[in-house]
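Each of the next two complexes has chain A plus one more chain, namely chain B in the first and chain C in the second.
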Partner chain A sequence: MMQIYLLLGAMIVVAILAVELKDLLSSIVALGAVGLLLCIAFITLKAPDVAITQLVVEILCLIILIRATLKRDLPFSTTGRWFLNTLIAVIFISVFLLVAAKCLKDLPQFGYPIMRVAGTYLKEGMTKTGAANIVSSIELDYRAYDTLGEATVLFATVIGILAIVRKSGVKKEGEEDSEENE
Partner chain B sequence: MKVYLLCLGLFCIGLYCILRKRNIIKIILGFIIAEYAVNLFFILAAYRMEGRSPIFAPDAKIVNMVDALPQALVLTAIAIGLANVALLISIALRIYDKYGTFDITKIRELRG
Partner chain C sequence: MNKTNEKGMSLIVKTITRLTVGIMLLYGIYIISHGHLTPGGGFAGGVIIALSFVNLMLAYGKEVTLKKLPKGVASFFEGMGAILFLGIALLGFTGGYFFFNFIAKGEPFRLFSAGIIPLFNIAISLKVGAGLFAIFISLVLLKIEAEKK
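And then the complex of A and B:
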């Protein structure tokens, strides 16, 4: 129990660092530290599959972000309506926190979840699907359509990225619209 | 209950970063932090006191497993989060190519 508090505290501190550091590359490295601490927290909370996926995704994310910011760093500008922006952000966050604290009262107590659906899965998953790992038996058998939808989303994202970053077919400066080569 | 509030605090850091920062990369970092907080919240809600991970062993009787359903859902959400981040980064790079800056206050004119 104590480890979870420690990990969450460390995550919050490193996340504040990631938000407030001036240098973009340092922020990204701090974000990587948040992700790795999250990975340890998942292991502490007895979710090894999620921890493995989080590790892989975190490293890929870090590579993409570093690729995006390399040699593109720019100085931080503090001009503009500083007070108004901060006030709006703080009001928004406090309203969110009030509503969330009200809703948290209705959740079951930490450490004692209501396992109506998952209880059935845990009882029958081994005999019905033959998988020793219940998470993979839910992921690939009971909720296989969910995974199919995930794969669909991933391919749609790949198509979207290719459409955004392609060089050919992008309109040059002062050129007429030419949509027929899509 | 205090654990949930700490998790919400992490989410609020991400939210503050999204609302307040001007650099597009910083906004994406806030988005990622908020996403981490939501994933962690699901796993926290699935935890059971003195629980074991939901994997059966052939030679041992394992009782008191944690809730496996939110873990399966979070597994899906993490992969989709990576796709989200890749799409956001590609849009940010496109904006950098067009305007030469990551500062959202400098991106004013819509030159379609």
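And then the complex of A and C:
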């Protein structure tokens, strides 16, 4: 348990750094450190599947962030209603923490959940689906509807981004981009 | 910095990329095809494949990469992955219900086992890899357009 708390503390420190740093590149690097520490935390909790996905998606997101946002001036104004904004944020955070503290009391203890459904999966997963990787057998066999929904979300995202980009790209470039964007 | 980026980076980066891109692609294919045996699976493997093409694009610029994998081909693979996923799921009706595992399950811990799960992994990897690469291309093209203005 100790190393988890150390990792969490380091993550919080680096996340605060990422918000407070003035340089955009340094801020993105600090954000990458948060993802890396989260990946190590997943490995410590013995979840290599999630760790691989976290690491890979983090790298891709950082590359996209660096390539797409660097050297573009993002308007972020801190002047104006500074007091009101801080007050609202503090109120929201305190309400959230209070509700969370009340809810988290009723959760089962860490690492010892009620294994009614998961116990069945663990016992019968390999004989029923034939997959040695239990995570794969759950997400593609028992819970395949979840995966279908996730694929639909990704499809909608790609279509949305392509549609938005096409609108600004077509008028300037002419023919070749508009056909390829389809 | 930015103008050299569009035509490609320095010779060192180009050489290293030429040597490592194939290995990255193979690693992605390994993760996908062994998704039902070892950690990983369709999503992670698809992202790794997309990353190999993104790497190529960062090192060589967009002309070389788009010649290797045009945008139309990427969107074709994306739709193909979705249709493959749904088609295999619909084929389950031959045995009873949606998402029915209708192929023989075979022996555990072998590469050809677990029925439809490896096929689902392949379909998802096609979809995720092509989709994320398409998103990356679009954002980069948008940025280049914005800089021209």
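Throughout what follows, the second predicted complex is superposed on the first by the 160 of 182 C-alpha atoms of A that agree within 3 Å, B and C clash if a C-alpha of one lies under 4 Å from a C-alpha of the other, contacts with A are read in each partner's own complex, and residues count from 1 in each chain.
Throughout what follows, a contact is a pair of C-beta atoms (placed from the backbone, for glycine too) under 8 Å apart; a residue touches a chain by one contact, two chains touch by 3 or more.
Nothing here was measured: the structure is a model prediction, and the numbers come from that model.
*Asks:* Following the superposition defined at the top, how do chain B and chain C come out on chain A, clash or fit?
*Replies:* fit
*Asks:* Let me test your reading of the model: by the given contact rule, A:93 touches which partner, first (chain B), second (chain C), both or neither?
*Replies:* first
*Asks:* Which partner does A:35 contact after superposing on A: first (chain B), second (chain C), both, neither?
*Replies:* The first partner, chain B, only.
*Asks:* Check the residue A:53 against both partner chains and state whether it touches chain B (first), chain C (second), both, or neither.
*Replies:* Both chain B and chain C are touched by A:53.
*Asks:* Chain B or chain C: which reaches more residues on chain A?
*Replies:* B
*Asks:* Contacts for A:141 in the overlay, against chain B (first) and chain C (second): which applies, first, second, both or neither?
*Replies:* After superposition on chain A, A:141 lies in contact with chain C alone.
*Asks:* Go through the superposed model and pick first if A:24 touches only chain B, second if only chain C, both, or neither.
*Replies:* In the superposed model, A:24 contacts chain B only, not chain C.
*Asks:* On the A-aligned overlay, A:130 touches which partner chain: chain B = first, chain C = second, or both, or neither?
*Replies:* The second partner, chain C, only.
*Asks:* According to the stated criteria, A:157 is in contact with first (chain B), second (chain C), both, or neither; which is it?
*Replies:* Both: A:157 reaches chain B and chain C.
*Asks:* Scan A:64 for contacts with chain B and chain C and give back first, second, both or neither.
*Replies:* So A:64 meets both chain B and chain C here.
*Asks:* In the superposition described above, what is the shortest C-alpha distance between chain B and chain C in Å? Please give a whole number.
*Replies:* 6
*Asks:* Going by the contact definition given at the top, which residues of chain A touch chain B in one complex and chain C in the other?
*Replies:* 48-49, 53, 57, 60, 64, 68, 72, 126, 132-133, 135, 139, 147, 154, 157-158, 161, 165
*Asks:* If we count contacts the way the header does, which residues on chain A are in touch with chain B in the complex?
*Replies:* 4-5, 8-9, 11-12, 15-16, 18-19, 24, 27-28, 31, 34-35, 38, 41-42, 45-50, 53-54, 57, 60-61, 64-65, 68-69, 72, 74, 76-77, 80, 85-86, 88-89, 92-93, 96-97, 100-101, 104, 107, 109-113, 115, 117-118, 121-122, 125-126, 132-135, 138-139, 143, 146-147, 150, 153-154, 157-158, 160-161, 164-165
*Asks:* Where on chain B does chain A make contact in their complex?
*Replies:* Chain B reaches chain A through residues 1-10, 12-17, 19-23, 25-26, 28-30, 32-33, 36, 39-40, 43-49, 51-58, 65-69, 71-76, 78-87, 89-94, 96, 101-103, 105.
*Asks:* Over in the complex, which chain C residues touch chain A? Could you list them?
*Replies:* Contacts found on chain C: 2, 31, 35-44, 47-48, 50-51, 54, 58, 70-72, 75, 78, 81-82, 85-86, 89, 99, 101, 105-109, 113-117, 120-121, 124, 127-128, 131-132, 134-136, 138-143, 145-146, 148.
*Asks:* Please give the residue numbers of chain A that touch chain C in the complex, ascending.
*Replies:* These residues of chain A touch chain C: 48-49, 51-53, 56-57, 59-60, 63-64, 67-68, 71-72, 126, 129-133, 135-137, 139-141, 144-145, 147-148, 151, 154-155, 157-158, 161-162, 165, 168-169, 172-173, 177, 179-182.
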